[in-house]
Structure formats: structure tokens, C-alpha cells
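In the part that follows, the structures are each spelled out as C-alpha cells.
Shared chain: chain A. Partners: chain B in the first complex, chain C in the second.
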Partner chain A sequence: MTERFLSAYNNFVLPFLFGMGFVLIYCLIAMIRIWLQLSADDKKKVLLSLVNPKILLKDIRDLFCDCLFHVKLWKRNKLLGYMHSSIAFGWFMLIVVGHIECFCYFPGRLKTFYYPIFFRFFVAESQSTMQGSFFFFLMDFFLLMVLSGIVLAIIKRIRSRLFGMRRTTNLSLTDLIGLYSLWAIFPLRLFAEGFTADIAGGSFLTKSLNIVFHSFLGNHLNMLPTWWAYSIALGVFMFILPFTRYMHIPSEIMLIPLRNAGIQISNPRKGLAKVMVYTCPSCGVCIDACPMGITKRNNRDATVYLNRQLKRKNEGRIEEISDKCLLCGKCGAVCQVQIPGDKLRIAQRSLRKYDVSPDYSTIDAASLTPRAEGKVLYFAGCMTALTPAISKAMESILRKAGVDYEFMDKDGGLCCGRPLWMAGRLEEAKQLIAKNEELINGSGATTLLVSCPICYRVFKERYKLGDIRVVHHTVYIDELIAAGKLKVESADELSYVFHDPCELGRGCGIYDQPREVISRMGKLVEADKSHDESICCGGSMGSLTLGFEKRQAMTENALRNLTSENPDAIVTACPLCRSTFARYADRPVEDIAEIVDKKTL
Partner chain B sequence: MDFGFGIAPSSSINLDKVDLSLYRKVKEVEPDIERCMACGSCSATCPAAKFSGMSVRKVILGLQRGQQKEVRKMLSNCMLCGKCNMVCPRGINTRHLILSVCRYFDMKEEQK
Partner chain C sequence: MKENIVIIGGGAAGLEAAYQLLTLGYTPIIIEKSGHLGGHLYDWNRLFPDMTPAKQVAKAMMERVKDANIFLNTEIISIDKKDDAYAIVLNNGISISCTAVLVTTGFQLFDAHKKEEYGYGIYDHVITNKDLEGWFNGNKDRRVDDKDGLKAVGFVHCVGSRDIKAGNSQCSKVCCITAIKQAIEMKEKYPDAEVYCFYMDLRMFGKKYEDFYINGQKDHGIHFIRGRVSEVSENIDGKVIVKAEDTLNGKPIKVTLDLLVLMAGIVCNSDTAKLASALKLPTDTDGFLKSKDNVLNIIESPKEGIFYAGACTGPKTVPETVAEARAAALAIHNHINSHKSWTSDSE
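Our next item is the complex of A and B:
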């Protein structure tokens, strides 16, 4: 390889250099601002995580798996996965191999940003070597990889269903400019390298192109405009990048160490939340996932649009979107970059100022404290109080199993605090949690048995209960049966489908125990979408503004999903899901405790 | 167009000095408040009732009568659990109603 120009410079590199400089400075300033917004505790956590080899390894693994290979997308849809990883990984390798090539031949030129990028323009092939043709092949191979991804991306714009997506995001104008400039970069690169293939060498792609279209590509007068076009496409893309969804590329690199350090969202506009909002690639997977999407008008309330409005600081829409959400958490479960849409919304709700704030200090804890020394304390919760069939069944099961228990809120008790938490009234929720902690810790119980997943989640996540074990009734029943304390009388021929309540499944990760229990009672069938993709019943306490009528379509949609295998009965483990489904279902809807009570001795 | 006759403006005099601004404001964001038929299902299920006498039925009534102080007292122990929401036969979004009252409640107005 020899250099074609002594100066090793041509004006066409300027658009690229400006774009590159702009994006680097922008990202650096953004990074510093985010860092300053983190609380002292969070900063400490992040710094400690960077010296912890275990977390550091996870960071590196996530960087490769998420940013380059898009492993989560591959699992979702092969074509979608290939499309994204071919562009990301292919482009990354083009840059890396380009730099290695430059390093091998002209290491002195590495310090100019542009030289490795426009390597083929500045060099001439003096003799063909194995090493040279190896690099040529690699460069052409990865270019082909990216080009195939671009072709798929164009097809996806026209027919997204081929990629397993029913609906995609409506792109904003800047997003479209970014998209088109990104699409333009690689064909232009192919073209530009096709011109220089007879000078700087090339492989199966560029060389062949040069030979086939020799009358055009062989004419070196056409060469410079094409390199200019390539450089301008790169420059435009980089200039517009911070204002488009492509900001997710640098953002995700920052998000991964922050997330792995275990810090939590505190303000929806600052620190971690801000990185998350900018990491949203607007892919639109959450639009199909959102249970509200069954009503077409609600499509614009998916997390992808919340993120967009947060970037635009459109307060009216931000409030509307965050108040409407059911907080089922499904968008977070399907999200490619794991943005917890529910937590973002709760943080947004917590910003609101109220003139009246509840005060629970007057509630006399002593009179409410149950006596349960060494016993199991059963907390039914508010929702179970409205579905007494569940608490009756639960009591009957406990008696049959010979468990010494105490019913904590038989005559009504305090709320667990989760509904307040979901409404964003965090301080009030903490007060209520403290009150309940006083009651439960004062009871002397060994186990806290809960039959409501809403309560269960907050007990698990927020309560400090010392040695008291918190257990959901699905898990407890499973244990009782496994230990032989409950005898199954007769498994019948009926088939059951299990509905994963949002708070139990996605919220607490309990999927297997209820299924284990049901399969002992009869035939277990699965819904069309289940486990972490189960569809919210529509009755959730999470939504503040959705009225009764507006939820009907969601409930009916969830029921259609559950009855795809035509089961004889629907089983759930949440009193709220149970009463919501019972309203519209065409077959019996029962809590897991009721089924078990009927079928055990 | 003048037909030579018109409808006389209402000559009724409202002697009620009640301040209904809060009620109107809440009605604006939660129009369903008008659907309440005062059945009392919400009062029957409310877990906060025994602490602060909370009852959504009474809150709505209090708003209509301009009894801000009583409303505030009742709301002081509401745990937003949503039972009233579930039992309401008129499908009123009571949680949003309560939150809206808390939000638009003007403390300075009450002290006057």
C-alpha cells in the first residue's frame, strides 16, 4: 500500500469531521450533565460498580449482547434481530477493521479522525498480498452485511408485519431525516469504494462492481463527488443524531453501567430516567404490547410516545399519558432496552403537588395489632374483602392443612400502600407502610400470608419486616401440597387456563408455582400470550384517568387471549383480576384458592 | 333577527352563598361526579371510614354544599385503595375524583 496524496487530506472529509466533532462534544456535555444530576449515593454506587469485577463483566457482556448483537430482538423475531444486529455489528466491524487496516499500513495516520474512515480514497494498492486481500474481503463482507440490513429496514417500513410487528412508531421529521441519511450512508460507501477499487483494491463486492460498471466507475472524474456524497451523508447523520431516536446508540452505552449499578429512577426528567428516555430507540415494540392499544385512540399513549414527549417537554401530553397507564409493566417486559415504563410514569406522577395530603398518624396502631405469636398471619387486603369467596377458601385451606393462623384484617384493616404508591403519592404511601410495619412486626407472626399480588409486591419491595417471611398464597398452597399437608381429592377432566396477574408475574416473577398447583387440580392449558407477556385484565389500580366503560374493551381483549384454547374455567391469583374478568367472562372465573379448596381434603 | 318578542331573563335569585368553585373544577376533570346517585356503596366498603368518617358519597355531597372543611377531614385518611371504585354501580372513577379534589383543594380559600 502506498499513499496517493502527500497531504493525506482532501476537503471532502470536512462534513464528516464537523459531524463527528459535534456529536462527540454533545455526548460529552450530556454525559457530564447526567452525572451531575445523579445523587451522591447513586454516584457512589456507580463508581463502586465499576471496580466490582462481577458487575464490570456484566457491563461488558451487556454492551456486546444488547448494543451490537441485539440478543433480545433475536429472541423476539429472527428477521428483526438480523436487521438490527447486521447494521449495528456490521457498522461496528467496518470501523474496527478499517482502523486495524490503517494501523497495519500507516499507523501514523491514525491520529487523524478521518483517515481510517476514508482509507480507500487515500491509498493505492502497490502489490497484492494475502494480508491485503484478507482485509479487502472483511471490509466487503461487513459492508454487504450492513447493506442487507438496510434492505430489510426499507422492507420493514413498508410491511412491518413480516417482522412480527403489527404497528410501528410514527416517526417525527428529524427521525425521518436521520433514517434517510442512515440509509444513504452505506450504498454511497459501496459506490465510493467501487470507484477506487481499481486503485486501492477491493474484494468480491467493490471490485466486481468496478469491473461490471467499468465505463462509469472506471472514470476517475466521477470519483470525488461520490466521496463527497458519502462524507455528507455521514455528516448529516451525525449532526442530526442527538435530536433523533438514533441518540439511543450513545445513550445505551451509558445506560448499561448505570442500570447494572442498581440505581433507581427518582425524577422522571433527570439522571437515570433521562438516560432511559434517550435510550428509547422508538422501535415501537411497546405499542403492540400495550393492553390499552385495543382502543385505537390509546395507541399514542404507549411508552415510546411518553419518551418522545418527555424529550420535547410537552407537559400536557406527558401528564395525560402517565395518568392513563394501567402500570401493568408489559412495555418494560418486551422493551429491547429494558425501560421500565411503569416506574417512569410513577416518578412523573410523584412530581404533582396536592393541596390536601392524607395523614395517617392519628390511626391507633395498638388497637389494630393482631396477636399471632409464632403463627401464620393472613393478610387478605382490601380487594379480597370485596371477593370474600377467596378469603373463605383460604381460611378453609389453612384449617384443612392444620396451619395455626390469624386473620389480620377480618374486620377491615389498613391498605398496603401500593395503590398510593402507584398514584405517585410516595410520601403518603411510606407513612402507611410504616403504620403497617408496626402492626405486623408487633404481631409476633413468623409468616405473612397474602392473597393479593398488589399487596404482595409492596410487602416484598418496600416493607422492612425482619425475619417475617412474606409469601403469596399461590406459593404457600404449592408448598402445602408438596409437603403433603393438603391432599388432592380428585383431579378432574376440566381444563384451566391461568391468568398471570401483572403484579405477581411481571412484578414479582412468580410464574411456576400457580401452574404447578393448577396442574394437580386438572388439565392446565396456556393462553395465547402468557407469563411475562400476559395481558392486563384492565381493572388495574394503576390507571388514574381511565373510566369504567373505557376498560371494557381491554378486559374483553384479555379474555379472548385467555380463552384461545377454550378452557373450562379461568383461574387467576388476584382478587382484582377475578372480579374484573367475572364481569364479562362467558365461563367461570375463580381464584386459585377456590379451586384448591374444592378439590382437596 | 327580531321577531318582536323575546324570552325574559330568569328572575330567580340565588341566595345561596355556597362556594361551588371546587365542585365545578372537579366536575370539569371528572364529569362522572354528576352520575352519583348517593347509594352509599362506597361508604359501606371504605376502610378509612372508621378512622375519619370517609365516604365518597359524603365527599360529593359536601362539595355540592360547599363544606370544604368536612371534605378535607374525610379525605385525611383515604388510602386510595380503590374499593369504592370497584363497587360503584354508576362506574364513577372515584380514585380520580378523590385525587382531583386533593389537587384542586385551595387551602387559602378554606381559611378565609
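Our next item is the complex of A and C:
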């Protein structure tokens, strides 16, 4: 291998160099700004995480699995997974192998950024060697991999349904420029390397191309313009990258260590949230996932559009999208880069200033404290107070199982704080949480049994309850049956489908115990979409603006999903889901406690 | 006269229309699904505003229709339009061809189980307005625990009316006055009892209703609390605890009651829906049958030869139902006459 030019330079590398320089400086400044926005605590957490071998290992694993191999996408749809990982991994390998190749032959040239990128222009193959053809083959192989990904990407733009996506995002103008320049890069590279294949060498792809189209590619006068075009495509892509969805490439690299360090969103525009917003690749998987999407008008309220508006600082739309959401969390469950759309929205809601704020700090907790030394403390919650059949069934179950319990809010109690938290009124929520902590910790109870997943989630996530175990009734009933304290009298032939309530499933990760319980009562069937892809009932108190009529379409859609296997009854474990479904269902809707109470001794 | 007229439903509207048609010289056919005539009057005890016994009213109405053809325990299997007439097949094997059909299928009460937060069917001492009338009529009801008399009774207005979430946004119209009537009757039975009415608005639109309301407050000391009940629960003794907001005082209140009465609202009779789909009769946005015109022609359907009277087109009081039934009888009479003159002209 010899160098063709003593200067090792040609003007065509300039567009690439400018683009590269620009994007590197831009990302560096952005990184520093984000770092400065983090609180002192968060900074400490991140720094500590980088010296923690366990977290560091996870960082590296996530970088490979998420950024290069797109493992989550593969699980969702093979074609979609192949398309993304072939481009990401193929391109990555082109850069890596290109650098190795350059290092092997002309290590001194590595310091010029452009040399490994345009290697084939600057060198000539003096004699065929094993080493040479090995590199040629690898480079052609990965180029083919990227090209196949690009072909799929073009097909996807035209027929997204082939890739399992019903709806996809509408791209903005800058996104389109980025997209077309990205598509242009690799075919241009193929042509450019095709020109030089008879000089610098090539393999099955570039060499063959050179031979087949010899009359054109063999004419070296055409060579330079093609290398210029290749460099310009690269330059344009990198120049526009910070203003397009492709910013997700550098952002994700930053997001992974931040997330693994365990820091939380505090401000929707700064720090972690900002990195998350820019990590959104606008793939639009959340559009199909969003339960509001059943009404066409709400298509543009999915998290992908929240992220876009946050980037554009379009305050009106940001507020509208944030307030409308039901906070079911499904967008986060399907999101390829795990952006928690619900938490972003709560953070946005928390910025709102209210003229009047309730003050719960004056509540006299001492007089409300239940006495439950060594007992189970049962907290039904306000939603269960509106569905008394559930608490009645639950009390009956506890009596049958001989559990010594105290009904904490039989005669009314304090709100758990979750509704206020969802509304973004974090300070008020914290006041209630503090009061309830005082009540529960002062009761002497050993276990806090909760019927409502909404309460359960906040008890789990935000309460400091020392040794008191917090347990949802689905789990508790499962344990009572397993321990033989509750005897199933009559399992029947009826089939039941279980609806995973958002706060219990996606919120707290409880999927198996309710199914275990139901399969002891009768035949368990699954809904079309279940577990972490379960569809919100539409009754969620997460939305601040969604009207009753608009929710109806969502409830009916969720019911269609649940009844795909035509079960005899719908079972859920959330009083709010139960009353929402009962309004429109064509078959019985029951809480798991009611079924268990009917079928046990 | 030979023309057959079929009246579907033997309640107040059906009986009154039948009587008027008999007077006009027709022999109408009454089809009644239950085993007795009189409809809801049969279940009620006394009627506002003069506390007339419902049985007496029903009896008087039944007396007058003896000459009509009456089918009890009978349901319609099919009903089809054949040329200018309607062919009806009954479940007793009889088929009828008739020139005019009068729909008097009336209403049914909203199923109070659906408002689970009020605890109907869950708590021991929660009943509906209809249950209470039955108890006034002497029916035994273990939910009304009157061994030591009743000390506190509550009435919840608008249960399943004016309630979008219950799927029923319209006002049931007659429950305000019914609740006050029943509250006064309770007070008359147990003068020492505290009686509470939880209402959204009180709509005292009819003759002497406002007097009722004033009497309820002044003479009987009934507590009228403006605010919806938020939550109903049960204490250890099985008594009903009601929490509500007194919106006029801006304060939450909590009362313990021996009996809670839910004023279940009026919804369209579910049998009417079947009939409507068989005859392709349109339903109005409130869920009741849609009249040809809601101002000038409430008693006519958009289909020729089908007429309406009473609560099948919306909640109504007994006097309103009776007036409509008379109007419908006259409309049917006119319909048959015009029909006759039209056929004789063409011959």
C-alpha cells in the first residue's frame, strides 16, 4: 500500500472536516451545559457511578446493546431491528475498521481526522496481500450491511406497516434534510470507492462495481466529483445533526450513564430531562402505543411530539400535551430509549404556579392515628370507598383467613398523595405523604395492605415506612392461598381475562401474582395486549383536561382488546379501572378480591 | 267500527287512551307484559300533590276499560308493516292486523346498583324510592329496620339522573317532588326522626309542588342539603354513614342514618328499545323514543300509524301522561278517519 499524494490532502475533505468540527464542538458545549444544570447531588451520583464497576459495566453493556445493536427494537420487530442495527453497527464498524486499516499502513496519518474516512482516495494498492484483501472484504461487507439498512429505511418511509408500525411521525424540514443526507452518504461512498477500486483496491462490492460499470467508473475524471459529493453529504449531515432527530445518537451516549447513575427528572427543560428529550429519535413507536390515539385528533399528543415541542420551546402545545396525558406510562414501556413520558409530563406540570395552595401540614395526625399493634393495616383508598363491594370482599377475605387487621380508612382517611403528585403539585403531595407516614408509622402495624394500585405506587415509591411491609391485595391474596389460609372452594369453568392496571403493572411491576390467583379460580385467558403493553382503561386521574366523552372511546377500545378471547368476565385489581370498565362492558367486571371472596371458604 | 288499534302497555297512558278510544267507539286491544294492568301505579302508594292512593287511581282507570280486549302476560314476538297496516304476532299465538299502534311502554327506574358508591345491594339499609313505596304499601322489607322506629332517614336525589357518568344526562323530572312527598310521609310516620334530602337542585315545577316543599321545611323540619353525596359507608352497627358537602354552607357534613333512600331516576324502558329496533323507530338523544316533533307533535312517531303516549318519550307525571293519552286517542281517531276518506276517494 502506497500513498498517492505526498500532501495527503485534497480540498474535497473540507466539507467533512467543517461538519465534523462543528458537531464535535456543539456536543461538547451541550454536554458541559447539561452537566452544569445537574444538582450537586446528581453530579456526585454520576461521578460515583463511573467508578462503580457494576454500574460501569452496565453502562458499557447498554451502550452496545441499545446504541449499536438496538436489542429492544429487535424484540419489537425483526425488520425494524435489523434496519436500525445494520445502519448503526455497520457504520460504527466502518469507522473502526477504517481506523485500524489506516493504523496498520499509515499510523502517522491518523491525526488528520479525514484520512481514515477517505482512505481509499489517498492510497494505491501496490501489491495484493492477504492483509489487504481482508480489510477490503470487511469494509465492503459492512458497507453492504449499511446499504441494506438504508434500503429498508426507504421502504419503511413508504410502507411503515411492513415494520409493524401503523402510524409514524411526520418529519420536520430539518429532519428531512438530515434523513436525505444520511441516505445519500452510503451510496455515494459506494460510488466513490468504486472509482478507486482499480487503484486502491476493493472487494466483492466495490471491485465488482468498478468492473461492471467500467466505462463510467473507469474514467478517473469522474472520480473527484464523486468524492466531493460523498464529503458534502457527510458534511451536510453533521452540520444539520444537532438540529434534527439524529441528535439522539450523541445524546443517548450521554443518557445511558446518567440514567444508570439513578438520577431523576426534576425540571422538564434541564439536565436529565433535556438529555432525554434530545435522545428521542422520533421513531413514533409511542404513537401507536398511546391509548389516546384511538381518537385521531390526539395522535399528536404522544410523547414523541412532546419531545419535539420541548425542543422547539412551543409553550402552548407543551402545556396542552402535558396536561392531556393519562400518565398510563405505556409510551415509556415501548420506548426504544426508555424515555418516561409520564415523568416528563409531571415535571412539566410541576412548573405551574397556583394562586391558592392547600396546606395539609396543619392536619392533626395524632388524633387520626389508628391503633394496630402487630396487625395488618388495611388502607382501601378513596377509589375503593366509591366501590364498597371491593372493600367488603377484602374484609371478608381477611376474616376467613383469620388475619388480625385494622381498617385504616373505614371512616375516611387522608389521601395517599398520588393524585396531587400526578397533577404536578409535588409540595402539597409531600405534605400529605408526611402526614400519612406519621399515621402509619405510629400505628404499630407490621403490614400495610392496599387495595388501590394508585395508592400502592406512591406508598412504594415515596413513603418512608421503615420495617412496615407495603403490599397490594393481589400479592397478599396470592400469599394467603399459597399458605393454605384461604381455601378455594370451587374453581369453575368460567374464563377470566386480567386487565393489568397501569399503576400496578407498568407502575410497580406486578403481573404474575394476580394471574396466579385467577388461574386458581377458573380459566385464565390473555388479552390481545397485556402485561406492560396493557391498554389504559381511560378512567385514569392522570389527565387534567381530557373530557368524559373523549375517554369513552378509549375505554371501549381497551374493552375490545380485553375481550379478544371472549372471556366470561373481566377481572382487574384497581377500583378505578373496575368502575370505568363497568360503565361500558357487555360482561361482568370484577375486582380480584370479589372473585376470590365468592370462591373461597 | 272494525279498525283494530293496538295499545302496547297497560299502564296509566295505555288505560287512559283505551278509555278514550272506547268512548270514540273503537275496541282497542291492550297488550300488557305483566300479569296486571296499572303499570307503576300498581307499585306506588300515594300520589302527589293530593296524596291520592295510587291503587284508587289505577282501579278507576281499569274500571273504565272493561270492554277493551286485554291480553295480560303477553309479549310481542314480531311486528311488521304490511301495506297500510301493522301485523303483530303475540307469544300466545294470536296475530293481529291493525291500522294504528299506540306505544305506551313507559319507563323503568335506573338500576341503582350501578351507582355502587351509594351501596345499593351492598349495605344493609339502602333502598330505592320504589322499594319505599312498596314498604308504604305494606310489603315486608328487612332493610327497613323499624323495630324501634326510624330515627334518621336520608334521601339522595338524582341517582342516575343528570349524571353523565351513569350514562343518563337528562333530568328525571318527578323525583324531586317524589322525594319530598316520601320525606313528608316518613316524617308523618316518625315525627321525631331527622330526615335529610341531599339534592343538586329542587325543580318544583308542577301544581302545588312549591307548597309541598315549603311544608316540608316549615311544618316537618326536613333538612334540605344542597350538595351531592360523595360517599356512603356502613358502621359497625350496620347503620349507613353518608358524607356530603353542604355547598350552601361550604362545609362537609357527615350523618349516620337508619335508612337511606335512593331516588332512582327514570330511564327508557328496555323493552321499548326492542320495539324501536323492530319498527325502526328513532331514539332521541336522551335515550327515549323520538317524536315527530318535540313541540307540536310529541304524540306522533315519524312512522305513519304509530303513536306515542306517556313516559316512552321522556319522564312525565301521571296527569301529563293522562293528558297525552287523551291527545293520542284523538290523533288515532283522526288518523283512521283521514285514512278512510283517502281510501274511499281513490275507489
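Observations on the model:
The working rule: the second predicted complex is superposed on the first by the 600 of 601 C-alpha atoms of A that agree within 3 Å, B and C clash if a C-alpha of one lies under 4 Å from a C-alpha of the other, contacts with A are read in each partner's own complex, and residues count from 1 in each chain.
Simple rule for what comes next: contacts are C-beta pairs under 8 Å (C-beta built on N, C-alpha and C of every residue); 3 or more make two chains touch, one makes a residue touch a chain.
What you are looking at is a predicted structure, and each value in this text was computed from that prediction instead of being measured.
Annotation: superposed three-chain arrangement on chain A; chain B versus chain C shows a clash.
In the superposition on chain A, no contact is made by A:Val275 with either chain B or chain C. Of the two partner chains, chain C is the only one that A:Lys410 touches; chain B does not reach it.
Taking chain A as the reference chain, the count of touched residues is higher for B when chain B and chain C are set side by side.
In the superposed model, A:Ile363 makes contact with chain B only, not with chain C. Once the two complexes are laid over each other on the shared chain, residue contacts for A:Ile253 go to neither chain B nor chain C. Applying the stated contact rule after C-alpha superposition, one finds that A:Ala389 touches chain C and leaves chain B untouched. Look at A:Ser579: by the touch rule set out above, it reaches both chain B and chain C. One listed stretch of chain C collides with chain B once both complexes sit on chain A; from 9-17, 153-161, 243-251 or 297-305, that stretch is 243-251. Note: residues 385-386, 412, 548, 579 of chain A belong to the chain B contact set and to the chain C contact set alike, using the contact criterion stated above.
Those residues of chain A lying in contact with chain C across their complex are 385-389, 392, 410-412, 548, 579, 582-583. Those residues of chain B lying in contact with chain A across their complex are 32, 45, 47, 50-52, 72, 75-83, 86-88, 91-93, 95-96, 99, 101-107. On the side of chain A, the complex with chain B involves touching residues 352-360, 362-363, 382-383, 385-386, 412-415, 417, 419-420, 423, 425, 432, 539, 541, 544-549, 576, 579. Touching chain A in their complex are the following residues of chain C: 114, 116-117, 119, 122-123, 164-165, 167, 231-235, 241, 243.
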